[in-house]
Structure formats: C-alpha cells, structure tokens
Amino acid sequence: MVSNFISSHGGSISDANQHTDSSTGWFFMRVEINAATLPFSLEELKAAFSPIAQSFNMDWNISDSAVPKKVILMASRESHCLADLLYRYHEGELDCEIPCVISNHDDLRSMVEWHNIPYHHVPVNKEDKQPHFDEVARLIRENKADTVVLARYMQILPSDVCQEYAHRIINIHHSFLPSFAGAKPYHQAHERGVKLIGATCHYVTEELDAGPIIDQDVIRVSHRDAPEEMVRLGRDVEKNVLSRGLRWHLEDKILVQGNKTVVFN
Amino acid sequence: MVSNFISSHGGSISDANQHTDSSTGWFFMRVEINAATLPFSLEELKAAFSPIAQSFNMDWNISDSAVPKKVILMASRESHCLADLLYRYHEGELDCEIPCVISNHDDLRSMVEWHNIPYHHVPVNKEDKQPHFDEVARLIRENKADTVVLARYMQILPSDVCQEYAHRIINIHHSFLPSFAGAKPYHQAHERGVKLIGATCHYVTEELDAGPIIDQDVIRVSHRDAPEEMVRLGRDVEKNVLSRGLRWHLEDKILVQGNKTVVFN
Amino acid sequence: MVSNFISSHGGSISDANQHTDSSTGWFFMRVEINAATLPFSLEELKAAFSPIAQSFNMDWNISDSAVPKKVILMASRESHCLADLLYRYHEGELDCEIPCVISNHDDLRSMVEWHNIPYHHVPVNKEDKQPHFDEVARLIRENKADTVVLARYMQILPSDVCQEYAHRIINIHHSFLPSFAGAKPYHQAHERGVKLIGATCHYVTEELDAGPIIDQDVIRVSHRDAPEEMVRLGRDVEKNVLSRGLRWHLEDKILVQGNKTVVFN
Amino acid sequence: MVSNFISSHGGSISDANQHTDSSTGWFFMRVEINAATLPFSLEELKAAFSPIAQSFNMDWNISDSAVPKKVILMASRESHCLADLLYRYHEGELDCEIPCVISNHDDLRSMVEWHNIPYHHVPVNKEDKQPHFDEVARLIRENKADTVVLARYMQILPSDVCQEYAHRIINIHHSFLPSFAGAKPYHQAHERGVKLIGATCHYVTEELDAGPIIDQDVIRVSHRDAPEEMVRLGRDVEKNVLSRGLRWHLEDKILVQGNKTVVFN
C-alpha cells in the first residue's frame, strides 16, 4: 500500500528496502522518494499518508533529506573520534549541521574553533554532576539538536536525558560489546588475552553500554600488543565505526526494534 | 645463550622468534634448528642443553618435527569441523597422525572410515556420564595421544582430564569469547543484536570456555540473519579458526603464559 | 507495476530488492513471492505477467524455488573446491541437485562416489582437445544442467559452450582479478610482492578470466609466505568465494548487466 | 654473529626478527638493542661492527631511535591523507619531525599552519614542470629530509629524484596494485565491476606505481557504489594503509629486497 500510495500520486521511488523479522512478524520498510515527483509539501504528504498509516497500524516517520539534521558532538579529552567527525564534516562526508561541541574539558577548543564551530566547556564537579548535566540538557534544547553524538564523552548521561532523546544519542564504546562493557575495555581485553579487539556504536539507553547496536568492527592484535598499543590500534576502529553509524543515522537508514537495529545500508 | 649454544655446536637456525612480556618481564623464545646441522640425537641435545636451561631457570621444551604428533579428534553430531580437519589431514595440510576419532554419536562413522581412521562410538548416559569419560580417557591413553581436539564435541570434560592434558586439549567455541560463553551462543548473539559473530579456539581448562585463547575470527551479520543463518555463517569461521589453531599447535608455535598465549606465527 | 500486479492477485512478497544504475538508467528488481498466496501455476503466472513485462520492455525471468537447479561440477586434480562444494551439498547448505561430476583426471572419483554422485572421467588429449569438449557438452546436455561450476577445472572451455551457457557457467580464479589473470597467479603474486592474495568467482565468457565478477575476497600474506604457502592460504579463500557465489546463483540473487553483476544478497 | 657481537659487549636485545628468503638464500635480520646497555656511541658502534659486517658481506644499517626522522609531506588538493598524517603526528602516533609540507596548490595551507608546520606552495606549470621539481628538490635538500611522503601528490617525480631518495619516498596509490595502476583507479575498478577496492603504499621508483609494496588493504563495495562512493570509501583505506606504512618506515621495520619488501612488524 505504500508503493501504491506513492505511485498513485505520481511519485517516483529512488530506493526501497524491506525486511520481515521472522520471530516477531514485524515488517520494516524504508522508501526514498524523489520529492520533486510528488505534488505535496512535507506537511501535506504527512497529512495525506496519515490515514493509510493508521489503518495499517504503522509506526512511521517521514523526513526531508533537504533539511540537514542538527548534531551536537560531545567529547572529553581524547580527540580521535571528535577530530575524525569534524574532518568528515569539513569534507562534506556527513550531511548535517553541527551547532556546537560540548566538553567537560577545555583541551579540544582550538581544534573545534578552527572549524568555526562554537565550543562549550562545561566542567564536571565530581561531588555533584547535576549542574553539568543541566547545562548540557539546556544546550541541547537551545540548539534544537536532533542528534547527540558521544564521541568518547566518558560521562554517563542521566536517565531523563536518555529517555528524552531515545534513539537519538549515539555512543561509541571501545570494545566489541557485549564483551568488556564499562571502564578500561582495552585493559580488560589484554587481561583476557583476546586476539581481536573491537568497537561498538550504539544508541544510548539507561543501562550502560547495553543499547541497540548500530555497527561494530574489530582489528587483529597479538601477544606483542600491550594495552597501550591496543588503545592506539583501537582508535582507528572506533573512528570508522562511529562515523559509519552516524552516517546511517543521518540518512535515516536505521530502524530500532526493541533492543536491536535494522540497518538498511 | 641459546643461539650461542646452537652455533657453538655448528647448528644452523632456520627460524627464530622472541618476545618479552613487558608487564611480567617473562622472555619467550622459539628457535627452529636444522637438525642435520647438529651432531646430536634428540636425547643428546636435551642432555647437552639441560644445564644451560637450568642455570637460566628456563621453562623449556625441544620437539622433533620429524615425529608427527598424535591427535585424537572428538566430535558429536555436527560434522563441519571434523570434516574440515579430516580434509586438511587428507591433503597433507596438517602434519600429524590421527589414531582415531571418538564421538558420543554414531552419525559420522562413514565419513571418518572413508579416511581409514578408526571410529569409536562412546555413548553418553545422561544419568551417569562417568563411564563415557572413563572410556574416553582410556582411548586417549591407549593411543598415546599428544593432543586432543574437541571438534564440536559438546560435552564438558572432567577436571582430571583437563589437568592431565593441560595445554594439549584444543576446543572450538562458536562465539567471540568472552561474549556468549556456554550454550547456544549464536542465539545469544542474535538476541543481543550484534553485527559480527565469531569463533574462538582455545586450550581447555577446568573453567568452561575460559582457557587460554589461541585464535579468534569474526564474520559480518545483519538484521536479515536469523539464528539459523548465523549458525550457517559461523561454521566457516569455526572451521578456519580451529584448523589454524591446530596447525600452530602442531608446529609448536604456541607458548602458554598463565591464561594467555604467545603465538609465534 | 510489479508490486501492483502481485498484490492485485492477492500475492504476498516475502523479500524485494531494487537498484537503479545511475550511469545507464537501468532499473533492477528482484521479488520473492510466497507462491501459496498466488492463484497461479508457474506457467499461468508467466502468461499473466508477460503482457505487463512487454509493455514496460522488461528483461525478466521467474523461477520456482521449489524446483532445485541441476548443477554439474567440473574439476581437475586439485580437490579443495570440489570437496568443499560436495560437503556443503551433503549438509544441505546448497539447494541444488548434482547430477554428476566431470573431470579430466580420475583422482577424485572415490571422494565423489562416497557422496553417491556419478563421476565421469573424460580425459584430455593435448593434441586434440575437441573430443573432450564434445563429451563434456554431451554430458551437460544429457543431464539437463542449469548451471556448470568450474571448481578448479583448469581447462578453457570453447566459445560455443561459453555462449550456449552464458551466465550459467561459474568459475573460480585463484587471484584478485583483474590482477594476475591466466596461469600460476600465486606465483605472479609472489613475484610482485603483494601483501594480500585473493580469489574471484565469475561467470565464464569467451575471454579468459574477464567475465562478470560475482564475488571476491582476500587474505593477508607476508614476506614469509613462499608461493607454496600462498597456494595453501589461497585455498580457503577460493572455497569460500566459490561456495558463496554459487549459493547466490542458486537463489537467483545475481542479475548480470553487461560485464558486471548486481548481487541482491 | 650479530647476537654474539652484541652480547659480548654487554648489550641487551629488546626485539629481534629474522627471515631467510628461500628462493634467493638472502638472510634478513633486524635487531633492536637497548642503547643504554652498550658502551658505545652510535659512531663507535658502527666502527666496532663494521669489520664483522664486512667479513660476512652484509648490507647493513644502524639508526638511533632517539633521533626522529625528518619527513616532508607532499600533497595536492585532496586533503584526507595529509589531514590523517598531521593528526597522527599531532597525537604523537608518528615518531618523526615534519619540517614542512609542499603542495602544488594553496588549498591546504590553513590546515597545515594550524599544526605550526611551514607550508610551501610550489605551483606546477603544465608546459614546463622542471622549475617545480627543482624547487621541490631544493626544499627536500634544504630541510635535510630523511623521508618524503607523497600523500596524494598526483605528480610524477623525475627519475633523478626517485634515484637519489630510493627507498625513502613513500607513495599511496588508490588501488589494489597491480590492478588499476595510473589515473582514476576507482573509475577503472567501477568499470571492471570488482567487489573489493583497495589501496597500496609503496616505495617510489622510476616506473609509475611499480615500486616495492609496503602494505595494502581493501574494502568491500557493491553494485550500489558509483565511482564517487568508491572514492569516499577508498579514502579510509588509503589513510590507514599510508599511515601504517609510514609508521613501519619510521621504526626501520622495512627492508627492501629487489622489488619487494620484508616488513618486520
């Protein structure tokens, strides 16, 4: 009925993907329509499609790819993920706006400001982190962010923020989850003697490092690699996995089903 | 002092590897000597080297690559790992003797006997598994096995066997350990929504799926892959990881340090 | 119009993929229909759809997944690809019938006959290869083969056979094409000092090793790997790439466009 | 004799690798000595070792890891490889000095100068490129560069420069050589319909894209990837391969044998 609806209004589909989850019976669909072929504005399109969606009990969303998403990047002291995202943004690889970068440290200001992006240093008081989180929440709201990327932010966001921005906060964890959740995963990996280390990009939920996984990748290590070498090798995996996950998110290619993702890449 | 000892007797080193573990200060070394260049039998060589080893407090071993190791393969009903090892043995890829195959089921007899290898069907009584393990231990001893490979054997060997054959029993676990230890790892992986599945080859210790890891590998999966598909895709990873690990073991390229391995491949 | 046609007859689509080639404007589509939901036999379905296909000038095909394809395997002396395909067939991984295996040597007879598959030894006379090819063509025809797999067959099929079975003869070449076409690719790779070696599965055309590529993969090598080691390492890549390509072919997931493939996997 | 020489002077070996090339009989060795354990300056060490080297007809070199190499980066308009190397340098991943960056365009000046590295814009006159190359050669000499990295420089250096800096000029070619040498390799790859694209890091010789290969890697592509997508995907491979190759070069881990490399990584 989706393709019928589109074609009956003269719309042309440029890309389409479907998936049926055999265990739940859920049906997933993503359709890219050439907007110029439809006689609708975005609002009119939503209004016209709404009754169909309702009659089939769909969980649906339409977004306009001409309107770039607003993405706030959050970091701490480690720069590799932030630098990589800024570089890709600079080169036009990431179709988004970056209204600002927020960090609990001031170290990366110069790198961010070279890109003409505002840098907010919001320090964390270990005794009472709430003022930090309040200010972060205020900045997200003020900048009307669609998406928040935790580019090695190293703080655990409070539950209310996780819930308000469900499926819109992306984190990179520096292990191949579910192995080595929590702190110092490369040291945990070294301790266990694994032969591959990895990184995981996932949506943030209230439970630490347990949200829906968007993408993962690994790299080979050996007995010669001390934890410090693993940290260095892992950085490249983290950067690639995070930028890939963010890209799919910006292109609305990720659908969330419970604690899993359907990625139409 | 090792190279001095060898060269002072006219020996020629065909391959050598060293590694210092920076956290413990342990020094690992593997030397391949062209036997024809030494004026010693294996026993004479051991006798001549022993005082040096003692004075440096070495943990050492010398083996003769002209004497193939005796490897017993154990399986259950799933044939992919067994079939792969038998094929590689048949093609001369694995330098060993296979005195017999032991299984708690009779399903794979014909495949094994085609290779002219004796097949022992040793059933498991779920009420009392001890008779099974006794017979397995007897067969291992009778065949003077150097190494036992659990090629998807699916039973947990008793502690005394694990201890007697420490660092000589190789298992393949069908997950990227430490994730998804225990039963039905592909179903666990599907449940968690990971984007890569893997396999781990390790030496067996008393603690289930927790022994020193020899090798690991992964393969990409997506939301389209039901657990059954993961099982199918994972088989190829299991086969490759197990045969690679066994090969290194047969070539004495693996040194065990605590719960980790140094692999000089 | 395809989905309209299907849904207007009550048909249910279990999987669908589309692709538009931007350089040529060609549109590719693959639809899997749950046959039980259509009121047609295969022949009736073809007759009903034909006018629509014609009016849109489609190049189309419908096949019944309940009817397994007939696949003839051809080999020479090297057994790894043949053994792998036979094993997967045996385990039910490949949904096909294998009416026979043809080889110009008798070496692999016992392995094939263990699987209860007829083995035809058709020797090649180097002075005049035509009788060999005539007999091969006769066997293909006699067995009504849908597909021929050259599992390291090492002979170059004559043009007329390539043309008659266009897009139905699958070859595995033991290099990452277009590098190292022709003879002894691992030796060529060693000579050039590459750091990865690969294998390529492709449809056979008249021009040697130049047909549409179905799949490729690589494995890392180093200065330590002599050509013989590359041959051993490459075997695993060849097996995996060939079995993957054949599987997609059997599932009608490959569409050929000029000298390229669209693979809806 | 190398280890004898070192140990007889009380030196301690922190890492050692050996390799015998079986086809030529050449023996390769790399030894890392803890300098503090030797009673020599670098010059004294060279003088003491020289007679031994001569008597065994060795081709040898000793370098002091405390003295970082001087590396000149050359680029054109594309920034990804340059930005990646500058970032790694900034983070301390690359143990070297970068006296300057040379480009035939002025586009990347701001990025380079942010790192406090001098930027030389040396334009190319297409009618007569010699003045450009003269100025490049002058800058290399003036800065006493040990190594030159062509980070997508896109010009072909004259023979005399290639010879003067043999095994010291590192290039990144954006294909999996020997496939697709020369211009527009991603377009060539798209045309051929390959399923993996790659990048190759090699020492520059007079013959274009034919020098000793240091490292290579690949990434999977599909029919959905137009040449522009391949360019984007390939960038990540290029960056990783180039930075890895440069790192090994800086650590003196690469030995060149004819047109091949021995990489002791």
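Order as written gives the chain letters A, B, C and D; numbering starts at 1 within each chain.
FYI, contacts are C-beta pairs under 8 Å (C-beta built on N, C-alpha and C of every residue); 3 or more make two chains touch, one makes a residue touch a chain.
Chain identities (UniProt): A, B, C, D = Formyltetrahydrofolate deformylase.
Please read all numbers here as calculations on a predicted model, not as lab measurements.
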Shared chain contacts [chain B and chain C, defined touch]: A, D
Interface with more contacting C-beta pairs, comparing C-D to A-D: C-D
Distance between chain centroids, defined by C-alpha means - chain C, chain D (Å): 41
Inter-centroid spacing, chain D versus chain A (mean Cα positions, whole Å): 35
Residue list for chain A, restricted to those that touch at least two other chains: none
Touching residues on chain D, where the partner in the complex is chain A: 79-80, 83, 87, 91, 93, 110, 114, 232, 236, 240
Residue ranges of chain A in contact with chain C within the complex: 3-4, 7, 13-18, 20
Complex contact set, residues of chain B against chain A: 19, 21-23, 28, 176-180, 192-196, 198, 212-218, 222-224, 226, 257, 259-263
